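Letters A, B, C and D name the chains as they come in the text, with residue numbers starting at 1 for each one.
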Amino acid sequence: MKKILNAPEAYVDEMLSGLIAAHPEYYRLHGESGKVVARATPGKAGKVGIVTGGGSGHLPVFTGYVGTGLLDACAIGDVFASPSAEQMADAIRAADQGAGVLRLYGNYGGDVMNFDMAGDLVEFDDIACTTVLLTDDVASAPPAEAEKRRGVAGMVYAFKIAGAAAEEGRDLDAVTAVAQKAADACRSIGVALSSCTVPQAGKPTFDIADDEIEMGMGIHGEPGVWRGKLRTADQIAGEMIDRLLADMPLGQGDRVSILVNSLGATPPEELYILYNVVKARLEGEGATIVMPLVGRYATSMEMAGVSFTLIKLDDELESLLKAPCDCAFWRVG
Amino acid sequence: MKKILNAPEAYVDEMLSGLIAAHPEYYRLHGESGKVVARATPGKAGKVGIVTGGGSGHLPVFTGYVGTGLLDACAIGDVFASPSAEQMADAIRAADQGAGVLRLYGNYGGDVMNFDMAGDLVEFDDIACTTVLLTDDVASAPPAEAEKRRGVAGMVYAFKIAGAAAEEGRDLDAVTAVAQKAADACRSIGVALSSCTVPQAGKPTFDIADDEIEMGMGIHGEPGVWRGKLRTADQIAGEMIDRLLADMPLGQGDRVSILVNSLGATPPEELYILYNVVKARLEGEGATIVMPLVGRYATSMEMAGVSFTLIKLDDELESLLKAPCDCAFWRVG
Amino acid sequence: MTIDIAALRIGLARVAAAMERDFEELNAADGALGDGDLGVTLTRGMRAIMAQADDLPEDLGRALLACAQAFTKASGSSYGTLMATGLMAIAKELKGETTLDPARIPDLVAKARDQMQARGKADLGGKTVLDSLDAVATATAGKTDASALADAAATAAETVLETFRDKRATVGRARIFGDKSVGMDDPGMLAMARIVRALAARDA
Amino acid sequence: MTIDIAALRIGLARVAAAMERDFEELNAADGALGDGDLGVTLTRGMRAIMAQADDLPEDLGRALLACAQAFTKASGSSYGTLMATGLMAIAKELKGETTLDPARIPDLVAKARDQMQARGKADLGGKTVLDSLDAVATATAGKTDASALADAAATAAETVLETFRDKRATVGRARIFGDKSVGMDDPGMLAMARIVRALAARDA
């Protein structure tokens, strides 16, 4: 897989510089690391701050979702690598408007330790911090160990919902509670068709034959549930939905949203082909689909593949999901 | 390159069905061919209609740009194949609100003949039609034969500008004139890193070595200007800008917009890396960049590569570019 | 000998069979200088015609109009649209007639050529299907005997293909290949040579 | 024999050199069970420390705090953060002191282990760097002679690696490999064996 870049070491810095040059109305750099992005116009005083962080290579995740009704700041690491605790502390400081900061991010060991350490660092600044972890990837641990699961595209829903709650003026506990509710209501599964290349590694992260796919693979190429021959869109979508429903059954009258997400190379044409099955299956369970998302919301650079994220909504989650938001990659309302 | 699909012959029909199922608030099918998409809520009576058409496999182009402040209807062919004259006639009928219809599309032989024939067909319905062709791809013919050039991503600007003019209530001649002005002000060039696969062909459209790129290649894999070794992002962007400026020089005080477009697989990270050079070079000419577009606006499914489209703006074009628009893939205002 | 709807059906069936036979070859010829869909276009169009062959009206004009519409619907490729345009031009001339004197064929071919030229906005000599039709119209002009006509048409379509082989393409997708097109058959001319040979029942 | 800033500098330099030497090996070990960045993390961290080695204060606590911060900034990988946490724990104990009696080392290692365990929220026995530190703390406990301490530490870090090789990983990225992790070294334990051997000047 060919990439357009200069020095591999400069990939992330140049990416951020271009992002901010192209969208100065949305993003600015904060602090001295060059790896913390904050809203161009900070949220209003007294608003709960929401901060996230993680490795690069997942645009719009993470940085892209800094914006009104979404995140306040983000610490970005190298491609697929956690940012440092120092950077996360900077991001927390950038997000703080005096009402405390929710750390909302995916469950990866390095990120968790660093965000915890960042919390220790900002204690000196008297910033109250809470944490909600996304653990939505059903392929990464059985239900009995659900708290060990990786966080993947579910964070898109969590950012949106928590962001709307904070924008409404709720306090830190309330924003944290609704973020946790959103995180708990999300289930995801991915399927990879091809690898991507981490610039500094210079070769594909994993090998996969021309006619193979891997069900349940993680967004950094973590092992999945099975690897086998490419199947039809209907079969792939059917199995993915099966696995989500096995983990979170739906019933008559349930309201859900679903994110049909490309990991990068897979074009929207193919997401829409999958959506036919997704819709038929969910409606077949008696559920109503609200605000489906189809596109590239959480990616692994040029990896081919898709993920589905299902979120079961109650009235509160649904109204926050539909509330306005605005960033360079996503607008609602 | 692996694709997620069912029967290759069903690719386009299933794609359209999923698109409309996911976004019923934006799109509906019109007529009996199953290949004409119109706004879910038609434009108001007396508004000039804008219609386009072309092959599938370029989302958001063409169908995706049906929406307020953009297109009224679109006829879609098979992947990379022109829709039929009958379908185009249906699209013209769907677009007509009694004030005539502008046919706004890319200069490809089949599309031109079919849209002309479609015009003959709708003459019986007393629908006045005008035509503006995009011929923005500088790699496809020398300046002396500029009218023979292919139309590529420049149509994004043309749709936006003509769409805003129509929404404002201008008459057919005025909308046609400003669409022509926009088309004349656009220059594009693409570079391909990898091929894509047309579902019914089942194999990549062209072969290109693992370390090769093709400068000037068309969005269906048409031959470009040279094929050679992969270069750095700075070198690639530099040559592309050189070629655009050679065709349309800029000077102090010029106002331009630029679309840094992924052909599909190339991730936004790499578009932003390119944007640094783009910005430096254009500003180096004394130009001011207005509303830069960075993302996937006109694609070739999972092809890796990028295109740049430069548009020189006057006050009228700039204000129409910035006017509101809304479709499932793009919102302004 | 005159041509009626029964004769037309036989001619169409021969063309349909020839296009099935030449499917890969025409795709490949178009693939070398374009997007490789010419065989697809022609088999689709002819299948659509054959699907309604039994229902074609006696009126040759209306019958050919139905054939033209089949092409219009089946494909948006240049060739499909050009075929539809040519068929429509001939259909117009034959409206209301149930028999056709072969002696009118050269003139009908010329009419098709002119309408197709208007549609495609390309000059004669550009190495396209127009040059095939022009050669056929010229070679058959003045001939009245059906068999002589058929011979002349089949030969002309074949000969013009060879004459143009070493020219440069200037129209359509092939144009972009520039000098690489020299020495290669124009796919549309190749297809027309096969169509004419089938219609003329001069297949080897 | 006591340890002062000069001795610390020598120890750091030995670790830094060992990490450069083992760069590919550590990346490969981590690549087999994780994301392959462990060599990167450790060389980056040690390079950052060496860049300021000459400027380290006499105060061993402050010197180690600076080392911890170098790791915090250099990398966000789990191991970098754990190293920083462990160094910080030791730094706290040594604040204001310019010399260190080797007899305190077992206790300091235990302190580091405990703080790192709190940070990583993983149990002992999970086949991680915690088990290496635990083994070192236990094996050195009660020893006061520098040379005996060094021997015990280097041997313990090596032995525990072998003891755990055939267990299943239960923590971090390696967990996901499940049974495949049996028979493979935990990359963090491997790295700690190398670090301890370098500090103890017991490199082969």
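We adopt the following convention: contacts are C-beta pairs under 8 Å (C-beta built on N, C-alpha and C of every residue); 3 or more make two chains touch, one makes a residue touch a chain.
All figures in this text were calculated on a predicted structure; none of them were measured in a lab.
K.L.:
According to the touch definition, list the chains common to the neighbour sets of subunit C and subunit D.
P.N.:
Correct list: empty, since no chain touches both.
K.L.:
Just curious, how far off is subunit B from subunit A if you go by their C-alpha centres, in Å?
P.N.:
Computed from C-alpha means, the inter-chain centre distance equals 30 Å.
K.L.:
List the centre-to-centre spacing of subunit B and subunit D in whole Å, with centres computed as mean CA coordinates.
P.N.:
Comparing mean C-alpha positions, subunit D is 57 Å from subunit B.
K.L.:
State, to the nearest whole Å, the distance from the C-alpha centre of subunit B to the C-alpha centre of subunit C.
P.N.:
Roughly 33 Å, centre to centre.
K.L.:
What parts of subunit B, by residue number, touch at least two of the other chains?
P.N.:
Touching at least two other chains: none.
K.L.:
Send over the residues of subunit D in touch with two or more other chains.
P.N.:
Residues: none.
K.L.:
Taking the touch definition from the header, please name the shape of the chain graph: line, ring, star, complete or other.
P.N.:
Graph shape here is a line: each chain touches the next, no loop.
K.L.:
Quick one: which chain pairs are touching?
P.N.:
A-B, A-D, B-C
K.L.:
Would you pull the subunit C residues touching subunit B in the complex into a rising list?
P.N.:
35-37, 40, 69, 72-78, 80-82, 84-85, 119-121, 171-173, 175-177
K.L.:
Applying the document's contact rule, which stretches of subunit B touch subunit A when the two form their complex?
P.N.:
1-6, 11, 14-19, 21-23, 56-57, 59-60, 64, 193-194, 210-211, 213, 230, 232-234, 236, 260, 264-276, 279, 292, 294, 296, 299, 301-302, 304, 306, 329, 331
K.L.:
Name, in rising order, each residue of subunit A that touches subunit D in their complex.
P.N.:
Going through subunit A, the ones touching subunit D are 33, 77, 80-88, 109-114, 116-117, 140, 148, 200-201, 218, 220, 222-223.
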